[in-house]
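Single-structure report; data block below.
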């Protein structure tokens, strides 16, 4: 019984982690059909922000939750202005260019900080599930993921900015005819997606080694989850993360974490084959 | 990525000149370089082979693989595992070519017959290479072995026996002879690809890249042509991986890494899409620059790679070889504009 | 005698919209048929079902008695169906000669394919531009290249979707002549808006309206019919 409780907690944490690492990529892909291959490196920048700020004496929660999205959002904004905006509509070119950015950022951080793994202490302790100990930090991850999903949903559904975002996503020309400037919206969406990536990096920094190459571990998982989710960004991310997260954790529990990751990726590939439009391309099409 | 239009085989003259230049290089370099230089050039050739694979697949087939390293790595590991088990290197080289082809046949059937869109092909190939990386990376225990070959996990497989004279395991090739074998096979693959591109099959492959629907309406099955292109490219990548393993007598999971897949894309992009010479030159150029960059310890080489990739996507998307060709060769005088076929037809009435 | 092409109760629905509704149509060997109808009448959708680009929601399509409903486009093409689509659908990055070669080359020897290419290029008088990139040619020329590519395929049935669109008077006449010439050996279905053009070539005309066959008769009767004038000609006159 305790074991089942622990397993359930792990599954929940796994799903939440997947939501966090996917959400930013999903916003950018869903809005602009841009597959941002530098997404993992944006997370890496967020993690470094957390590490550096914490070492400089900033409160750990601010270092993890506030600074990374701000800084990485800004980086995303600059990148959109100087590079991405020239490549809209050319999906392969954007993938190549953002892959270049990904290599560049990895190299840049390796140049500045060296190829060593850094760490941030976990700010909370552990708790007991029956006879097993579990990290309270998992609760933080789950709360952050739920807050991220709910926040994005509220933003899209209830705010004017969200309405404009959705309108531009549906039909940029029509939105432009109504006085919205699609380039500005794209810029904002890219910055928003980047900020979410930064947040994910900040939150995951204490439970993953922070190194220049850490982004590579996330990118395949993140964007195959986005594709699995389909056109409705928020619902899709939530659903696909749940499906893949459960598969990942259960297989990991039965075998090893590596096989768990492999099972996740293999399941995602299978799902793209069966549902090329993703889960929300087939079901729940009216959701957000 | 826009692929240069006039990419079909451009005449016998160029072809013969290319092969001649290759042969001259093959026989003259050992006279010009010291042993270290020759060994260095051999790894350049291995990477050039890898680049040919990506260049053929992307530049002619229009198929964007973001995980071509998967086939390079499978080739390398297939060689290592089978040569350790068999001792003699001839069969292992064949296995290094065939194993990636079989894997590509399965994966390609799954992708192309599932009519998965271009961007998703990129995603899936990338994901598959990540899967392979993780799998092989986790085989460090003693229980992971194939026959007598320990896979070694992230430590890789050291002491892989080198190529030997066919049929005689007791006489391994000297570095200079390895160079001849590597360069000779590069020339051979180049000739093979030129032949494929000049054949009906190759023309249809390019036609499908240009307009898949039109090709289909003319009775060609794009899925089959894409699958075959994918398989051929995988075999070439596998041979590259085999040469690479041979060069250092060592292979590790980094051959499956994203950096490896990114590098080969950069080779092709820098050298030029829709050419065979471009990827080869791109591979040599970037490898050379990487080595130069590696000798300083100030800036991480990835930074340079990233900058090169972004710069080429934005500024020189056609690559160096097509750019030089357009600049240096006089453009064939086009027929007068606005002399449409319709008019000609009219005149003939 | 088995018809060359037969559509039985063919229906295509996109979500709630019915683009083509239970269309029956039979075409004899070597027949020349015109399809007319206002924009949105379902002609192009119907063509796409004939070539396998769309799978009908209901109904069957038979080619010489073989059920080809839901077959892949390349399979239907191999049975001997060629189509020139409405928007020029060519290999822009290849030369005119290469385009026609791709049409000719399937299941033929290289020598035979080259022979067909040579014949087709001179038949359509494309020799002067044979080595030009198709992407560099004007719209009208690309139409000719596409027709040449389809002819080189040597199909038994040729579907032409608005072949005369964007052509001047002389070119239209030449196209009409070409169609009659092709019709000596092959069957054709031609979608066209230009009534003069229809008169030049037509024997039997099928009128589409709102996804259904409004009437089918010889050209004089169709053009004289009040219903046809209402849905189609009337609109043009207005």
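First chain written, first letter: the chains are A, B and C, and each begins at residue 1.
In the analysis below, contacts are C-beta pairs under 8 Å (C-beta built on N, C-alpha and C of every residue); 3 or more make two chains touch, one makes a residue touch a chain.
From a predicted model like this one, the values you see are computed outputs, not experimental measurements.
Engineer: Report the chain closest to the protein's overall CA mean, measuring from each chain's own CA mean.
Structural biologist: Ranked by how close its C-alpha centre lies to the overall one, first comes B.
Engineer: Which one of the chains is farthest from chain B, going by Cα centres?
Structural biologist: C
Engineer: What is the distance in Å between the mean C-alpha positions of chain A and chain C?
Structural biologist: For chain A versus chain C, the centre distance works out to 49 Å.
Engineer: Where the CA atoms of chain A average out and where those of chain B average out, how many Å apart are those spots?
Structural biologist: Centre separation, chain A to chain B: 32 Å.
Engineer: Just the number, please: Cα centre separation of chain B and chain C in whole Å.
Structural biologist: 42
Engineer: Which parts of chain A, given as residue numbers and ranges, touch two or more other chains?
Structural biologist: Answer for chain A, listing residues that touch two or more other chains: there are none.
Engineer: If you look at chain C, which of its residues touch at least two other chains?
Structural biologist: none
Engineer: Quick one: which bits of chain A touch chain B in the complex? Just the residue numbers, please.
Structural biologist: 35, 83, 86-87, 90-93, 95-97, 99-108, 110-111, 115, 212, 216, 219-220, 223-224, 227, 256, 258, 261-262, 265-266, 268-269, 272-273, 276
Engineer: Can you list the residues on chain C that touch chain B in the complex?
Structural biologist: 51, 53, 72-74, 77-78, 82-83, 85, 89-94, 98, 101-103, 105-106, 110, 113, 124-129, 132-133, 135-138, 140-141, 144-145, 149-150, 153, 167-168, 170-171, 174, 177
Engineer: Write out the stretch or stretches of chain B touching chain C in their complex.
Structural biologist: Those in contact with chain C are residues 3-8, 200, 203-204, 206-207, 209-211, 213-222, 334-335, 338-342, 344-346, 348-349.
Engineer: Using the touch rule from the top, collect the residues of chain B that touch chain A in their complex.
Structural biologist: 1, 64, 66, 110-111, 114-120, 122-124, 126-128, 130-131, 134-135, 137-138, 257-259, 262, 265, 269, 298-311, 313-314, 317
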